[in-house]
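You will see two complexes here that share subunit A, one where it goes with subunit B and one where it goes with subunit C.
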Partner chain A sequence: MSSTHEHTEPGRLPSILTIASAVLGAAGLVIWLGASMSRGETYYFWGIWLIVAALAVYLWRYRLLNGGEALRELLRSSARKMAVPVMGVVTAIVLGGILMLATGYNPIEAYGALFFGGLVRNWHISILNAAPLIFTALSVAFAFKAGLFNIGAEGQYYMGAMAAAWLSIHFTLPGIISLPLIFIFAGLFGAMWTIIPALLKVRTGAHEVITTMMLAHTARYLSPVFIRANGGDPATSTHPYVTWEILPNNFLPRFQQFLPQANYRVHTGILIAIVVALLIHYILYYTSWGFEIRAVGENKDAARAQGISVGKNIFRALLIAGFLAGLAGFNQVNGLDHRLFENLQAGYGWNGISVALLAGGNPIGVVFTGLLWGVLDAGGQFMARTTQTPSAIVEIVKGTILFLVVARYIYTAIGNWRRKRQRHREADAANAVKEGA
Partner chain B sequence: MAQPILETRHIVKQFPKVLANDDINLTLNQGEILCLLGENGAGKSTLMNVLYGLYKPTSGTIVLDGEEVEFSSPRDAIDRGLGMVHQHFMLVDTLTVTENIILGSEPGRGPQIDYRTARQQVKELSERHGLRIDPDAKIMNLSVGLQQRVEILKALYRQAKILILDEPTAVLTPQEVEEFFAVVRGLRDNGVSIIIITHKLEEVKAISDRVYILRRGRIEGERRTADVSKEDLANLMVGRAVVLTVEKSDHQAKQEPVFEIDDLRVLDDREVAVVDGLSLDVRPGEVVGIAGVDGNGQSELAEAIMGLRSVAGGSLKHLGEDIKDLTTKERIHRRISYVPADRHRYGLVLPFTVAENIAMGYHDRAPNASGGGMRLNYSAMEEQATRLIKDFDIRTPGPLAPASHLSGGNQQKVILAREFTRNPSFLLVSQPTRGLDVGAIEYIHSQILAMRDQDVGVLLISLELEEIFGLADRILVLYEGAIVKEFVASETDEREVGFYMTGGKKEQSA
Partner chain C sequence: MVDYDFIVNLLSAMIRNATPIALAAIGAVVCERSGVVNIAMEGIMTVGAFVAAIVAGATGNPWIGLLAAIFFGGLFSLIHAFATVSLHLDHVVSGAVLNVLALGITSYLMIMIVGHPGTTNPVPVGLGDYRWAIPVLSSIPVLGPMFFNQTPIVYFSFILIGVFTWFLSKTKLGLHVRASGEHPLALETIGVSVYKMRYFGVLVSGLVGGMAGAYLSIESNVSFTEGMTGGRGFIAMAAMISGGWHPIGAFIAALFFGLADALQVRFQVFEIARVPEEFFIILPYVLTVVAVAGLVRRSRPPKADGVDFMIERSED
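Right, the complex of A and B next:
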């Protein structure tokens, strides 16, 4: 670990740099996410510069601790990891462009509008889109790590949303107390919706894809009942398919409260989503819970032989997945809508599956792919409005990205399987050679 | 002198970091059985894959029937009369024997398959070569030995004159091995030339006419099988004198048993009692070997001891306490160690690193974790792994390499390192050397004996009698789920034990 750099003595400098990088990064992120083009474009770029600076400081620290060669290796390996997803996105965009040409639209104009709309002009809408997707995608990704496919995040999302709405209509406590409570209860209700699939999986081996999906529909169609009971009245024109508004003390803080330039709708749910993603990363890779869940996901027989309970970890993983999907409901009700709509079309749960797949099940990756999806959605709407290009094109581009990137995982899985034998042999051969040395 | 049918001239195959084949010259004669003997990683399979068109040689030529050939794919090799049976069969489980055999070269016109002709051809072929098989059976209903037959027929159906068999007996039971040998001899008598890739000395002696010994990518020697002893072959193979049985010192076992099994009854997945009325005890400082033909309850016994399968009756006592109702985790923490027979399925999480695999089982406690498991300590795991990599001579790029990147012998060493360093009082070892080369076997055997000398009670389950005789102080013969005979290892021989293993005199001895 010691540095070979001539003058630097690691001492306290690396810790200072760590803190500096974290502070710069957090500040940059908040400013960037909260920026609104229509009000203060300078903030938008300030945010980006701060994030770049944080990254630079981090890399400097890395070089200080591990030397220049390790830094180059880190950059190389990150580039390798990023290459396929980035290539997938670029290829999908090119293919979408060809499609636009073929159907008589101007791809340059359309993509210009798409990215201007998604990344700059309607950046706040991208953020609003991304937040719930990050939660549901984390849910799917977490279950992935245990070798489970939580296809019913949609249902857990609705359970969380209903819990959040009911509590937020009735809780009169100050926000600082009630919001954490609602946050937890929304998660718990989401988790509750995975208890039955988890029990069935552990006791009878019933496949979670079937059980979570069926319960997803149950929860979705429970929501109209809940809405009628809590203010929704189809007979009136003012409140047809929506609950009463929640109490203002239960609104999630908005960016505008500390960044005057921010769009008034943007709330801090995105920040919570990012913190939760970091937390999930920590749980998976730095706790024995995560260790066991990953071991069960990769090889449950070997895990069991080492005393790791397969049932307990499947149960745990599915419940945590449900909790995460429930948080998406909290995010929407307390952050954005301040009421629960009978909106059966949004499909945050279903889209979360795509976002999680695109990230390869990596919790940090989910933040990026969630943002990408949010940008494509917001930009697609902007593009359709300003250039009359149908937003269906964006759906095609999204589908193509997913196909190219996920198909790549399938391809590598097959490739790995084929190459495995050869790799074994090469490893053996290498050993044989080393024996000689 | 027989006619050479296949020759390689100065074959060199260079992989990015490894010279896998170095100037290989070998000759296969018409109608002979040739063995290619070598340790894991000696370059046998690479060479065969070069012959079969899977790899392109870096330099050198292949001469077939006196004509220089160049294969760019297995398809070319098949067209020129080469057939290969891989260690892992490439069959479609849900299709019939006939369908599998004709797959890829179906008779008939266009999209239509002429099943009648196909079935007839398969039947004729199997009768001609004495490879009896039901052409309409589904692959999934066939035993491994019969599946191998299908693979061989598949090659013959494509008019193979040369058959390459990669580790053909690795998956077979002893009886199937005998049948397999008969089949191979029959094929030779029908004029098929055969290359068998193997690392088993017995197999070379039993079946081949001639043998090439490969070591580190080079041909170390060529012998007529009849003129060479097993010891000579072993020496050529590993390049040093191997003691085929590890030196076993005398060691006095303690009296008080560390592990006792009484009247144990275990059901398999079909709810049939495959262990029934089994009793044994293991004392500290002795190796008790369980000899038996595969499928007599070995795996169920091991699983019951480790708590991976529930016990239907009887008792399991560790240090005098009944552990029947304890979880696997509790048993592990009572310092019961387990080396499972199937290391890929039960021993390792292959995508995990070596360090993680070594920590597994103790991953939630110090030094691997702190704060009740809330914080994993990766540097402690790595430190421990680095130490064990050195102690157990594990060949790996480092503690952070995934276990899947290691060779079989080194993977087994990772498991040994984990289990043997947890200070066990009782050690259950199942098939510890299956599929490993001589060097690794010797090392693992010496480690097991070292555990015995530290007064650990060792229960060894093995299908290989040589291993049992090499290690065990007492030998228990397992037949149909019960111990039918007990021997003191020094007072018996393989013939006597083998007699009881196959069910001889069960009544008389029980």
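Right, the complex of A and C next:
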């Protein structure tokens, strides 16, 4: 009786552990993301320890509720899920090292600088890079779940950024009211840019890859027109144009406001991105909306047979995807730049595709792959500055990672080939035995 | 202001601007008719443009540069073929990855070979230095300077449009390529390898895409600049779609986009009307959305375009 007591009625302990895990995790996350090593402070690592502790508490709770066997099964299945991405990252880094060696650079020195720069020295830049990528990648990932490829997140990002910039220049309300409004309008403008692709997809079957891609370029070239109308004076400045600065009441809060040691540029957009990622995970896996969207993505005919409207869900999924990409614009304008630049080289929408693919369309995974991309970008710049290794190597490594992770068939093919060889060898051995006898 | 010279200049600029778009577009037509979606044209053109400038600069001979660009464009496109046909990777995903890789590889090699990012050294002789005026024909008013007083790759593009149209509609191989994009299983049933046809289609787009890249770097310019393709690979896709997946249709669409580009420059210079320059840049993209919406006319992709084909082979 006493032994089963723990499993059937664990008491109040699990709920206490849930709260403890959430508090530890949130505190660790804020400290970790907000911290910067540039002042020689080490409390950055305290954040990581707190997150590890939160994870341990969570696993303890899981064991308490479901038993030790279930916990082991959970760990095994997540290890299996992680195997392909980790293998891809490691292989790509090794291949990049070989390329550097072959072209006369020192890979140890270069990678040392890359990871020191990305993870320690310029960690704040990694976070700043990651935040918009997480939003655009969530957009692409959400569309994936409905079986759609939102390749034009770049355009929705620009629409969101334009809406955010215009409202932030003109809204004089206190930030606590205006920021949520701007947040929502930036998202809505992003969503607006997917209405036409969604309508065409549902009505005429026009492929969303083509329509969203074309509209992405359209939005990209509309932005200089907008910027010139809002401060970018073509008489005094040529490319890249830039708008007036937005009003200070519309700045996103910075970590420095509650963590005095934090780097002054780091804003809370990354926290919003993580919360939105959790929210999207919740919508996809715990609501009927999410269920319907995933059902349509998995198998349209089966979904239709179940009475799920395919058109409605495609429409819904693309609009939500546009909303999410628009938020990336809000993040950049209100969080980082405080004005809208004609970002010629940023390409957050295009890179968001890579980040989403790498995460396999998983909204929680997107947070981690977004951070990985952010680290590689920030580290690449640091590496180029300190070791004179071209930062383009990072682009090659990124492309290779992506290729090795998304081309899962490579692993199937290798497995097939090995099994086949194994069978042949066994057959040969059997023949040899037969001939010997 | 709008006189004979203006019209002639405008129209021959239209042809010049349309050439790289038309070349990439007809390459993409063959690729997509074989059933492989190719959004990697931008990357292929970047590779072609870079290789052409480097090789033409090193050898002093633009023709070798052109051949190298064609060769490496084809080589690069084979990655796409391998990924999509042999590894069954999603076509759009593979294309997106290759566009990233092309940028990374060219800017890495740029620093390796040239020593600095940005622009390569100008080639000693470019293909733009060869202006071939066809006797008699080039003296026809308007049409003469437009079509018959141009540089080499412009002529090649005219020839290729004819060759590809003939190839797709009149030859057996062309029929097989189209079948592999419309109904791959039927093609496999009569004993023709769909894999081979698709490899062939992608390779053609790579070869022609490399040539389009070479046009940008060593014919209309004298050096390679990072980002010089400027989205032309995507406009080529737009031309292919607006042109209904047909070489001649793609060429006409490319001409229209070339005209928009040529007008844009003149609007700015002559201040004909106060239209933002971006209007003309946007035009091709908007037009493509209209084209796929079916408002102008039906533009239908090959039935099995972008659909993976996996044939179960018996082992042993």
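Of note:
Everything that follows uses one rule, which is that the second predicted complex is superposed on the first by the 394 of 437 C-alpha atoms of A that agree within 3 Å, B and C clash if a C-alpha of one lies under 4 Å from a C-alpha of the other, contacts with A are read in each partner's own complex, and residues count from 1 in each chain.
The rule we apply is simple: a contact is a pair of C-beta atoms (placed from the backbone, for glycine too) under 8 Å apart; a residue touches a chain by one contact, two chains touch by 3 or more.
Everything quoted here is computed from the prediction, not taken from an experiment.
After overlaying the two complexes on the shared chain, residue contacts for A:302 are found with subunit B alone; subunit C is out of touch. Contacts of A:102 after superposition on the shared chain: neither subunit B nor subunit C is touched. Contacts of A:176 after superposition on the shared chain: neither subunit B nor subunit C is touched.
Of the two partner chains placed around the shared chain by superposition, subunit B is the only one that A:286 touches, whereas subunit C remains out of contact.
In the superposition on chain A, A:217 makes contact with subunit C only, while subunit B stays out of contact range. In the superposition on chain A, A:402 makes contact with subunit C only, not with subunit B. Applying the stated touch rule to the two superposed structures, the overlap between the subunit B and subunit C interfaces on subunit A comprises residues 420. Here subunit A touches subunit C in the complex through residues 103, 149, 151, 196, 200, 204, 206-207, 209-211, 213-215, 217-218, 221-222, 224-225, 228, 350, 353-354, 357, 390, 392-396, 398-400, 402-403, 406-407, 409-410, 413, 420, going by the rule given at the top. Across the complex, subunit C meets subunit A through its residues 37, 39, 83, 87-90, 92-94, 96-101, 103-105, 107-108, 110-112, 117, 231, 234, 237-238, 241, 276, 278, 281-282, 285-286, 288-289, 292-294, 301, 315. Listing the residues of subunit B that touch subunit A in their complex gives 15, 17-20, 39-43, 45-46, 88, 215-217, 306, 308, 327-333, 338, 340, 345-352, 356, 360-361, 363-364, 369, 373-376, 395, 404-408, 410, 439.
Contacts from subunit A toward subunit B in the complex involve residues 285-292, 294-295, 298-299, 301-309, 420-421, 423-436.
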